[in-house]
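The first chain written gets the first letter, and so on, giving A, B, C, D, E and F; residue counts start at 1 in each chain.
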Amino acid sequence: MSQAATERPGSLLVVSAHAGDFVWRAGGALALAAERGERATVVCLSFGERGESARAWREGRTLEEIKALRRAEAEQAAAALGAEVRFLDAGDYPLRESQELVDRLVRIHRELAPTAVLTHTLSDPYNGDHAAAARMALQARVLAQAAGYDAPGEPLGAPPVFLFEPHQPEQCDFRPDVLLDITPVFARKRKAMECLPAQRHLWDYYTDLAKRRGVQLRRNAGPNLGLPHDTRGEAYARVFPQVTGVLS
Amino acid sequence: MSQAATERPGSLLVVSAHAGDFVWRAGGALALAAERGERATVVCLSFGERGESARAWREGRTLEEIKALRRAEAEQAAAALGAEVRFLDAGDYPLRESQELVDRLVRIHRELAPTAVLTHTLSDPYNGDHAAAARMALQARVLAQAAGYDAPGEPLGAPPVFLFEPHQPEQCDFRPDVLLDITPVFARKRKAMECLPAQRHLWDYYTDLAKRRGVQLRRNAGPNLGLPHDTRGEAYARVFPQVTGVLS
Amino acid sequence: MSQAATERPGSLLVVSAHAGDFVWRAGGALALAAERGERATVVCLSFGERGESARAWREGRTLEEIKALRRAEAEQAAAALGAEVRFLDAGDYPLRESQELVDRLVRIHRELAPTAVLTHTLSDPYNGDHAAAARMALQARVLAQAAGYDAPGEPLGAPPVFLFEPHQPEQCDFRPDVLLDITPVFARKRKAMECLPAQRHLWDYYTDLAKRRGVQLRRNAGPNLGLPHDTRGEAYARVFPQVTGVLS
Amino acid sequence: MSQAATERPGSLLVVSAHAGDFVWRAGGALALAAERGERATVVCLSFGERGESARAWREGRTLEEIKALRRAEAEQAAAALGAEVRFLDAGDYPLRESQELVDRLVRIHRELAPTAVLTHTLSDPYNGDHAAAARMALQARVLAQAAGYDAPGEPLGAPPVFLFEPHQPEQCDFRPDVLLDITPVFARKRKAMECLPAQRHLWDYYTDLAKRRGVQLRRNAGPNLGLPHDTRGEAYARVFPQVTGVLS
Amino acid sequence: MSQAATERPGSLLVVSAHAGDFVWRAGGALALAAERGERATVVCLSFGERGESARAWREGRTLEEIKALRRAEAEQAAAALGAEVRFLDAGDYPLRESQELVDRLVRIHRELAPTAVLTHTLSDPYNGDHAAAARMALQARVLAQAAGYDAPGEPLGAPPVFLFEPHQPEQCDFRPDVLLDITPVFARKRKAMECLPAQRHLWDYYTDLAKRRGVQLRRNAGPNLGLPHDTRGEAYARVFPQVTGVLS
Amino acid sequence: MSQAATERPGSLLVVSAHAGDFVWRAGGALALAAERGERATVVCLSFGERGESARAWREGRTLEEIKALRRAEAEQAAAALGAEVRFLDAGDYPLRESQELVDRLVRIHRELAPTAVLTHTLSDPYNGDHAAAARMALQARVLAQAAGYDAPGEPLGAPPVFLFEPHQPEQCDFRPDVLLDITPVFARKRKAMECLPAQRHLWDYYTDLAKRRGVQLRRNAGPNLGLPHDTRGEAYARVFPQVTGVLS
């Protein structure tokens, strides 16, 4: 499968329901893309201002203060990963699905022409916003491919979609299809996590998860890969089959 | 994931219940490996002498004649693909699972140190031999990894396993995880198919299937892949998650 | 898992699409809670006035008459079970999902602080209202947990959710995770069923089902439980894993 | 469901393929049972002498030495948990299923009259011994219930069966139905893990897993349970529905 | 199951998201019904004007021109099959679900009193319109059964529903429950396909698929059916169980 | 699909693990076949002498007495249904899978040339014999199709296979694909049940089940079927897709 002639530089797009999701779940993939010199973009549909800011509410902050705080933290985390971040400020708890919001995502797909799209699982009984974000991301990707869809830019190709790992994977029917080796960028991911002080309790939780997926990654690695003991990993599920010229 | 330093040449192992299976289902993968200069080996657990030689039985051939015929055809087909073929002559319809047969497969794994293993699906209500072959192949791969298993050679690494497409995929719970682009070697696969004159009715069936999987492959290919209209494909399911350094 | 110090009295909440559903499907659970002295509340999103009142329509009743009739019957049935019942009168066939209706459910969750929530299955090809009710109940439960959700009362804990048995369980992907022993209150459940004369044909149907689940309950009971021959049961599926200090 | 009159003391039975499995996967459940004063018994079908003793083989130990080593370690670990351990020495890699071995398990079931049985998942593509152990344990439990099965003792009741968590749960189709709070005994479980020096790399892996399941346990706990931040958990899947008199 | 007395003539209803879908996926079923003298009706919710008319957009046609073109082609194809076609012109990419559109479908169900309903799969990650059409078709069929639903005509019976085969069946969780023998009408189906010149590349694709399903149909046919070598088939999944008086 | 010329008379084959299974689970199908004048044959792999004769063991009967008793009862029940019954006396609890027993089943398939085969589900955690019987029945059916399998008679066609309903269907992954209307023969089924006095407690259980499946059958019947209120049903799952010329 000779790809050389047609290959454009990679463009990674992460569609995230709340401001922090992309750090815990896809921080490694973003940092890897950035280190390869590819474009890495995060779209946060909301700031997680209502549903994922319990401490700030308990401290008596206003809605606007909380949104500003979450925005600032997410911008720092994205910078630590080498990614750009955009905020659509569509509200959370609930994140309401609408054709207008999908249209904004279509336009972003047309603009960025992503070569891979990452988003939430389609089922999450703990958090309806996650599944809503995933449904809208998948719908936007399909609409952006239609020649007749009225939005600027060229019709999109068919970028692969990867669902990142939810907090309680088994209850979300999440089954890893891909274990991504994030060892070279794990320090950057940890640094990005530390940009989110309100969720300090998750720093170690997701560091432990990276170790756990790293152990599994080594167990599933073929004989050619001499992976180190401190391998760190992120898990993803595919929506569409992998296309390849080599079975490995 | 820097693999360069440790990489050994590839070694593809196909475990096939009957003498013809590897041609229809994995001929493209074998030819691709051979063209890359890798070792490509097929192990046929039986000749398919009882269950897949209806015409010969109707013509009044003896069991030994049929086995010789099937062996010769399979050898020609393997040669056309650039692969080596071995016959374990364990009998078919039914292919009986035994620890002795598994042990022979363990020794082959230790000898060949495959970097990828291909076999049947674990469920096939149309053909119990297929599932039996798959169970034994998977068991042998695990046993070959054990330091304490008493067989020559080094403990095996953990090569990925790909299940090839059965005749009636949906009834076998087959869902493609990987679409392999076999366009560059399809002519060789067709030539290998034509080495099996008794199953002439399958030549077009599997040519059509390669077209069908090729159409789907193009639909799932990311925007970077300018695939031609006559793309040909083979579909595979993974048993274990993919290990990678890049999401694509 | 010492629960003694923190334990509040139980509060059971049933979210029911139509006025009769809670009787057939969760009447035993409601009566058990009431007998334990716990609060037991039913929320009927609609009266089932269009979709589950065929006889009344054939008799020429008006919409308002039918709603009044169904309300009166449901109130009698709830009283027979020892439960309170509320009607949101959101319309049926179809029950329309809306953020406003979800908000009403959030407020009820905040008010009642349920220790267990019961609702319909998330899939029911025979009745779209059932799945709509379940989706809204699950969403409300999650929203009620968010500190930033603007509704009176304290953020909810995470009460377990049980899906009650649909009319044709296998087609709704219903698989019993829990068999509830309702023997001590079955007479009350039967009495509640008899408050619904328009569905007389279901009285025996659900009595037979209680017997059937009772037989299965005895078969799955561990050796310590000397259950009587006339055991009666109700089946439930869990959405979230059980949390416990003892495996039994 | 009045159980008081008929209740016998609990008897927990763990059927483990190899000598170490019960520590990592069910150590908390065993220690909890022991602390409640119940009988807790582990049956190790093999010592894991071939498949789970790589270091000893690399050090040049003989088969008998390795078996003795593994036995001693397992006995220490069981003692640390307060459990009895028995070894059937049926061989590993592969653990061969046989009617004779099932019969030994039937007799153990009849002797111990377990009130709960714990074993491996029925699917594990990384380790065929685990699934073989689970199949035999389930078969033995059913046979022990038959009045006509020729073995000493009374026919067994129908104890619930819990499948403990495999190393790579998603690939084994493991989905937690139960999160067991092992906080009160976690120190004992850690001590038992430390009785297995050859698998030192797993001590932290399974400590991290206990934290992870503990975090999830708190998230799924109903509002009545004021669980501490250092909650530790073990995850289990049920084979049969839970039988209960209260939904919680 | 004596049906003779009550049997009305058959009435087949196909609910199709776009103007072309019914040809590729259900053309054989429609032609068979027409040949049996039954009423065969297609409802196209949209013309596929935005999402399935890439060539026309590239040629610079206007939206209205494209809709007119697609309508004309679909009418010719329907005529070739012997079916009536109606267009609801609800827009595509996205096809928006609304209660108004469902209501139009309810009225069509009441008017036509279909004895079988055919529509898309409920999941299709390649095309959200397909799943939206299926959800609305299923909802309309249920609503049309309700005595209290305010629309002209008699309450509907419970016609069986068949989901036709999507373009990439495995990714849509499509598993054939029924293989329909369309050999006698395949020439008409091919002729109908040829009424859609913009999708010329699909003519052979769906001819090959008919062959493929035909081969499988012969393999699954019981011993009484002497099916010819050129058997052609269409695959369908059932939503509801088959009701019958004979197992065959 | 013109079947007239080639149609042979029907021949129904039921493969049953124990002597009583065919009555509860497939009695209606057998009686319907007999009433249509078709051959109806039951093969009991065992008498259920150990696992399903608890009362006789408690009464102190010997193994041979119990086998004779069960044989006599099964013969009476088969006669009541109009079916022939054969006993392979392979032993139960456990029913051991062997190639010899499969071979006996192959020969029976060749002899009877069944046009439909009925057997147990492939999964049953309550009873391993049931799944063992199903696996052997399915394997025998495939082997009997092979021209090269050394047994008398002509190679078998591919009769459809129907799995009958287990005692606890959801735990056995049983999902009804077919609801069979057994109303015309239900009295005969009841009479056959009454030939099994030791399992008197199941008479009403399976009468209630027939009612329950009958209610569901009416709900799923298309508008053409004017089914009476006392409809009785049996549920079956298909292993292979239905082959038909009409969607109904």
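We take it that contacts are C-beta pairs under 8 Å (C-beta built on N, C-alpha and C of every residue); 3 or more make two chains touch, one makes a residue touch a chain.
In this text the structure is predicted, and so the values were computed from the model without any measurement.
Matching residue numbers shows that A-E is the pair in A-E, B-E or A-B whose interface repeats C-E, with more than half of the contact pairs in common. In the CA-based superposition of subunit B onto subunit F, the rotation angle is 120 degrees, rounded to steps of 5.
Between A-C and C-D, more contacting C-beta pairs join the chains of C-D. With centres defined as mean CA coordinates, subunit E is found 52 Å away from subunit D.
Rounded to a whole number, the gap between the C-alpha centres of subunit E and subunit F is 36 angstrom. Contact with two or more other chains is made by residues 126, 171, 176, 216, 219, 240-241 of subunit B. Contacts between chains form some other arrangement here, matching none of path, ring, star or all-to-all.
On the side of subunit B, the complex with subunit F involves touching residues 49-51, 53-54, 57-58, 63, 66, 93-94, 96, 125-128, 171.
Touching subunit A in their complex are the following residues of subunit D: 126, 167-171, 174-176, 205, 208-209, 211-212, 215-216, 219.
Residues 1, 3, 5-8, 10, 12, 29, 32, 36, 113, 115-116, 118, 156-160, 162, 176-181, 183, 216-217, 219-227, 235-236, 238, 240-248 of subunit F are the ones touching subunit E in the complex.
Remark: subunit C residues 99, 102, 138-139, 142-143, 146-150, 155, 239-241 touch subunit A in the complex.
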